[in-house]
Amino acid sequence: MENDNSLRRLKTIEGHLKGVIRMVEEDAYCIDVIRQIQAVEAALNKVSSQILENHLNSCVITAIQGDDQKERERVLKEITEVFDMANKV
Amino acid sequence: MENDNSLRRLKTIEGHLKGVIRMVEEDAYCIDVIRQIQAVEAALNKVSSQILENHLNSCVITAIQGDDQKERERVLKEITEVFDMANKV
Amino acid sequence: MENDNSLRRLKTIEGHLKGVIRMVEEDAYCIDVIRQIQAVEAALNKVSSQILENHLNSCVITAIQGDDQKERERVLKEITEVFDMANKV
Amino acid sequence: MENDNSLRRLKTIEGHLKGVIRMVEEDAYCIDVIRQIQAVEAALNKVSSQILENHLNSCVITAIQGDDQKERERVLKEITEVFDMANKV
């Protein structure tokens, strides 16, 4: 279900990106292209947050409630890593 | 010329994004999907910078060396705006 | 322990920020000031990641292993929220 | 004038950061600390934009209208660089 939602959003973003490519092909004004690229990025951020939310409510709960400490550590480390990267892109 | 370079990069990013969509369709691990989305964003940032660089070296120079003060102000305001947005996405 | 580490980093950042203020007072070159502000932000990002890591390894584990479903949901929702904001600042 | 405005904002941010340090010293809830750090970053972004705006309307205009091509290139390159970094922090 949530997966379908992310998929739909990503396909919309693909359409948006194709529009950006067309703009560059048609020599659109640079600043307008940059603004559209930034809009694509904002939309990608929203999908990331949504996917993370699903992940927390499924895999992360399972791992933390499970008995495998290594797995628990791995799962939590990954969250810090994507958070860290979210600060950078 | 620089335009071709941006175009080529954007088309590569489109391929990358298609790959992300396929990952979601095939139920890939959430964190791997997020990482790929972040890689797409990092690549989009690079294209933005490149397009801005071209813009500065063409339109902005022309506008600032021109006689139209309104145009000059407009062009400079746009740069602050995309910089501002770059901080947000 | 980890708390001490975050505290030390934040105090270093405070010193860095005071340096930026001094630069502005002494009319330093704008671009140098912006670069230093960006360095302060990069350092703040690192502290955030570190604090999130500690949080995941303490409160989040406790909440998810606990019996209070509401608390579990609250704790996970917060992580999505700070991730979402990390994408914006 | 604009300089005074940036200076005032930076001093407010310094106060905000001191507040964050106090929160950590008093063992405040991790997520609240992260949110405050993100608020500090958002405020720093605003100052950066403001400083860039002033820079564009002074040094950049002077350089571009001047006769020194090297200087012109240098000034434009710097803008791409801080834009690039804005995408990263």
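Read from first to last, the chains carry the letters A, B, C and D; within each, the first residue is number 1.
One rule holds in what follows: contacts are C-beta pairs under 8 Å (C-beta built on N, C-alpha and C of every residue); 3 or more make two chains touch, one makes a residue touch a chain.
Computed from a predicted model, the values in this text were never measured in an experiment.
Counted by C-beta pairs in contact, the busier of C-D and A-D is C-D. Listed candidates were B-C, B-D or A-B; the one reproducing the A-C interface, defined as more than half of contact pairs identical by residue number, is B-D. Between the Cα centres of subunit A and subunit D there is a gap of 26 Å. Subunit B and subunit D have CA centres that are 21 Å apart. Taking each chain's centre as the mean of its C-alpha atoms, subunit C lies 17 Å from subunit D. Shared contact sites, meaning residues of subunit A that touch two or more other chains, fall at 45, 48, 52, 79, 82, 86-89. By the touch criterion stated above, subunit A contacts subunit D in their complex at residues 87-89. Partner subunit B is touched in their complex by these residues of subunit D: 45, 48-49, 52-53, 56-57, 60-61, 64-65, 72, 76-77, 79-80, 82-84, 86-89. Against subunit D, the residues of subunit C that register as touching in their complex are 3, 6-7, 10-11, 13-14, 17-18, 20-21, 24-25, 27, 29-31, 33-35, 37-38, 40-42, 44-45, 47-48, 51-52, 54-55, 58-59, 78-79, 81-82, 85-86, 88-89.
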